[in-house]
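Here is the structure we will look at.
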Amino acid sequence: MRANIVKLVYLVTACMVAGVLYLMSFGAAHSTTPPLKSAKVNLSDKASLQRGAAAFRDYCFNCHGLSAVRYNQLTKIGLSEDNIKQYMLTTTTKPGDMMTVGMNAADAKKWFGVAPPDLSLMASAKGTDYIFSYLNDFYRDETRPTGWNNRYWPNAAMPHVLWEEQGTMVPIMEDKPDPADHTKMVPTIVGFNKATAGKRDEAGYEQLTNDITNFLFWASEPDRQSRHFLGYIVLAFLLLLAFLASKLSKNYWKDIH
Amino acid sequence: MSDQNPKELNEERRKLLIATGGVSALGAAAFVTPMVASFAPSVKAKAGGAPVEVDIAALKPGEQIVTEWRGKPVWVVRRTEEMTAKLSAHNNDLADPKSEKPYSMPLPEYCNNEFRCRPEHKDVMVMVGVCTHLGCSPEGKFKEGGGGSLPEAWPGGYLCPCHGSTFDLAGRVFKNKPAPQNLDVPPYMFVSDTKIIIGKDEKGEA
Amino acid sequence: MADYNPNTETTGLIGWIDQRFPLTKMFKEHMSEYYAPKNFNFWYIFGVLSMVVLAIQILTGIFLVMNYKPDASLNSAGVPVAFASVEYIMREVSGGKYLRFMHSTGASAFFIVVYLHMFRGLLYGSYRKPRELVWIFGCLIFLALMAEAFMGYLLPWGQMSFWGAQVIVNLFSTIPLIGPDLSVFIRGDFVVGDATLNRFFSFHVIAVPLVLIGLVVAHIIALHEVGSNNPDGVEIKALKDASGKPLDGIPFHPYYSVHDFFGIAVFLFLFFAVVFFWPTGGGYFLEDNNYLQANSMQTPVHIAPVWYFTPFYTMLRAVTDPLRYIFVALALLAGVMAYLRGNMPQKSKIKVLAGAVILALLLLIWKSAFVGFLIMGAAIVVLFFLPWLDKSPVKSMRYRPSWHMGLLICFVINFLILGYLGVKPPSPVGGYVAQVGTLIYFGFFLLMPWWTSVGEFKQPPERVTFKPH
C-alpha cells in the first residue's frame, strides 16, 4: 500500500513534468506576434554605428530622447569632437550635455496620446531583434490616425518615420486560423507588397534599420566591450587562484586520515 | 600524491601559502578598485567643471564681468591703460609681487609677467574671485584713493568683507593682511578678440 | 565576570588584547579548536558561500548608495530620478557598472546559494535535535532575505519594480477588515510612489541588513554551541579521544578555512563569469521589462516576481475556489484523523478537532485571494516546523529507504515546476499543474510525521565514512 502511494507520487510528478513540457511548447506556438527577424549588431563596426547615429539624429531624435547618453560620449563610436559639434549638437546644446529631446512631454501626450519613450535602454528592454523587426514591419493601415500600423507593436502611436527611405508597404491578407480559436478563420497578414518605392532598395533599407538598431545597442551600454575584455582578465586570474587554493587545500588535507 | 615526507609537505605548504596569499591580495585589491574608483569625480561632475565661454565685446575699460567656473566666481575685468600701467608702482606693498607662491592652482606661464595676464591682451585680467584667506568673495573697489578701510594710496582693487584682505587689480594680495597668497588665475585663452574661454588653453582643458 | 588575568598564554600586543578581550579565546573556540566533522562534502560549502554573498552585497551596497537617489519624481528629461541615478551609476561613475552588476548578480546568487544550503539540511537532517534553533534562525534569515530582496527590487524604479511592488502590497488589502487601510499604511500613499520608495530604501539599506547580520551571528553561535551535523548524520561528539576531542572531528582552522577558500574561489569564478559576461541572466537576474522606467499608467503585459519568489507566487495564484474548498476538506479531514488516530489525551484531541473545524469555516468564509496569500505565507511558515515534522529514526538520507530520497527528489522537481509556472503567464493547464504542485508541497511537509517514520532503515555507522584525499 505504501509502495503504491509512493509510486503514485512519482507518477503525478512525471505528469506534472509532462504538463510543463507541454506548456513550454504550447506557449511558443500560439503567440500572435510574428517571429522576430535577426539583427546583426556589431559594436566594432564604427561605420555602422556612425551611420546609425546620423539616422537617429535625422529621424528619431525629434521625438525620442537618449537622455542617459552625453553628446561627447559619441567619441566612443569614432566621431571626433568637431564631428560631434558640427553634426550632432543643436544650437543650444554643448558637448557635455545629455542627449535630451526637444519635444516637451506634455505636448507629446497631447499630440500622440503618449509621450515617446526615451530610447537609452530600449535595446536592453526589448532586445535588438525586436527593434530591428519593428523598424522593418510598418505597413499602411487607413484605420489608424497615423495611417500606419506594425505587427510588433500593434496600434502604435508612432508613424513610419522612415517611410521615405523604405517606400510604402501594403499588407497581403489571407484567411488563416485564429490563433486564439482554431475553429475560426481570420484575415491575417501573410506578406507585404511595396506600393510606392522609397529612396533605398530592400538591402539598403535593411542596412539602415540595422545601423539604427546597432546604434541603439551601443547606446544601451556605451562601453560594453571593455566589460568583456576585463572579464577575460578577471576570470583568468580567478582560475589561477582556484588552482592555487586547490593545491593548498590538498596539501593540508594530507594530514587527515 | 608522491610527497609523503613531512618536511617536503611543509615546504610545499609554505610556498603555496605565500603564492595563494599573494594572489589573494591582488584579488582583494582588484575587488576594491571599483569601490575606490567610484569616489573619483564622475562624468557628470567633470562635465559640470567644463570650460566656460565669456563674451567680452561689451566689456568697457574699468568694468568687470562675473562668471562661474567649477562652482567659483571668476572675474573678467578690463583694466584702463592707466590701471595697467600703474600695476608695478606699488610692488613694495605686496606680499608676493612676483606671484611665486600660488594659492590652489599654478599660475599659467603666459601670465607670468607684470600684468598677470596674456600679454597680447594686457588690459583683460582673468582671476578667480575667491579670497585666499578663508574663501569669501571680495568686493570690487576700483576707485583710486582712500576712504573707509582703504589706505590713502589705494590704487584700485578688491576688499574682502570678511576679514579685510585687499588685492590689487592684478589679484595680488597686499602685505600685512590675513590672506597669504595672490588670487588664482585660471587657464584661459582668446577664441577671438571678443570671446575668451575659461578653463581651457593651448594645453587643453584644465 | 572573570577577574583580570595577567597570565595569558599569548604575549605582546595580542597578549595585551587577550587580557582585556577574549580575542584568542574566541578564535580558538570558533576556529582553531572548533571541531567539525571531517566528512563534509560538496553540500557543506553553501553556508560559507552565503556569508561571502552577504559580504559582497553589503560592500557593493555601501558604494551604490553613495550615488543612488531614492526619488520617484521626474527629472527635466521626463525620467524618474531614481531610474536615472541607476543609469548614472552604470555610465558615469568610475567602476559603477561593476558595482551594480555585482549587486544584481549577488541578489540572485544569494538565493541560489541559500536554497542549496537549505536543501543540504533536508538531505542530512541538519535541522534535527539538538539543531532546531539553528534551523529556526535560518528560516528567519530566509524571511528577512526575502523582505530585503523585495524592497531592494523597488529601488531601480523600473516597470517590474513598480508593478511587482504594487501587486504584492495589494495582497495585504485582501486581509479581511483591515486590509485596504493596511495597504495604504504600508505604501504611505494610495499607490506605490515616492513615499513607498523612500521607506523601502531605508529598510533595504539599514534596517533589514542589521537584522540579517544579527540573525547570521545567532545562527552561527547556535551552530557552534551544538556542533555541525554531517552527511552520515552521526554525532561526532559521541566518540571522543583521551583529550576530549571528537575522534571524527578536525579543527575548523586550518582544514576547513583552507578547504572553504577553494570552494569560494570556484564560486567567485562562476559569480564573476556572470557579472562580466551574462549580468542579465537571460532576463532572470536583470529583467528586460525593468529597463523601462516605472509608468503607473501602463501595466506590463505580464507581471511576474523575480525568479526566486516564483515558487511561492505560484502557490498564491493557484488558490482559486476549487482549491480553497479542497483545503477546507483537508482541514476537516486532518481534524477528524487527529481525533480518531492521534495519540494525545482526550482534551487535546477535542481542542485539535475544534481548531480544525474553525480553520475550515474560516477558509470557507474568506475569499480565495486572501486564502492564497495565507497559503503563500504558510508555505514559508511550514519550514519552521520541519524539526518536529520529521520523525525518521535516522537523520541522513544515506541510511533512509531509497524511496525517501525519491520523495525528496519529487519535492525538488515540484518546487522547480512551481517556480517555472510562476514565471509564465497563467494558463488553464498551468493552473491545474500549480494546484497539484501546491498540494504536493504541503503534502510533503504535513504528511512527514507519517512517511518519514515508515520503511526499512539502514543502521548508521558509529564512525563517519571518510576517504582520505
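Lettered A, B and C in written order, each chain numbered from 1.
As a convention for this text, a contact is a pair of C-beta atoms (placed from the backbone, for glycine too) under 8 Å apart; a residue touches a chain by one contact, two chains touch by 3 or more.
Every value quoted in this text rests on a predicted model; they were computed, and no experiment measured them.
Distance from subunit A peaks, on a Cα-centroid basis, for B. Counting contacting C-beta pairs between every two chains, the top pair is A-C. The distance from the centre of subunit B to the centre of subunit C, with each centre set as the mean of the Cα atoms, comes to 55 Å. With each centre defined as the average position of its C-alpha atoms, the distance from subunit A to subunit B rounds to 47 Å. Computed from the mean C-alpha positions, the centre of subunit A lies at a distance of 35 Å from the centre of subunit C.
The set of subunit A residues touching two or more other chains comprises 73, 234, 238, 241, 245, 248, 250, 252, 254. Each of residues 20, 43 in subunit B touches at least two other chains. Among all residues of subunit C, those that touch two or more other chains are 88, 91, 98, 261.
Subunit B makes touch with subunit C in their complex at residues 20, 33-40, 42-44. Listed in rising order, the residues of subunit C touching subunit B in the complex are 59-60, 62-63, 66-67, 88, 91-96, 98-99, 261. For subunit C in complex with subunit A, the residues that touch the partner chain are 38, 74, 76-79, 84, 87-88, 90-91, 97-98, 250, 254-255, 258-259, 261-262, 264-266, 268-269, 272-273, 275-277, 280, 288-289, 291-293, 403, 406-407, 410, 413-414, 417, 420-421, 424, 427, 429-430, 432-433, 436-437, 440, 454-455, 466, 468-469. By the touch criterion given at the top, residues 70, 72-73, 94-97, 234, 237-238, 240-241, 244-245, 247-248, 250-252, 254 of subunit A touch subunit B in their complex.
Only residues 1, 9, 12-13, 16-17, 19-20, 23-24, 26-27, 30, 43, 47, 50 of subunit B touch subunit A when the two sit together in their complex.
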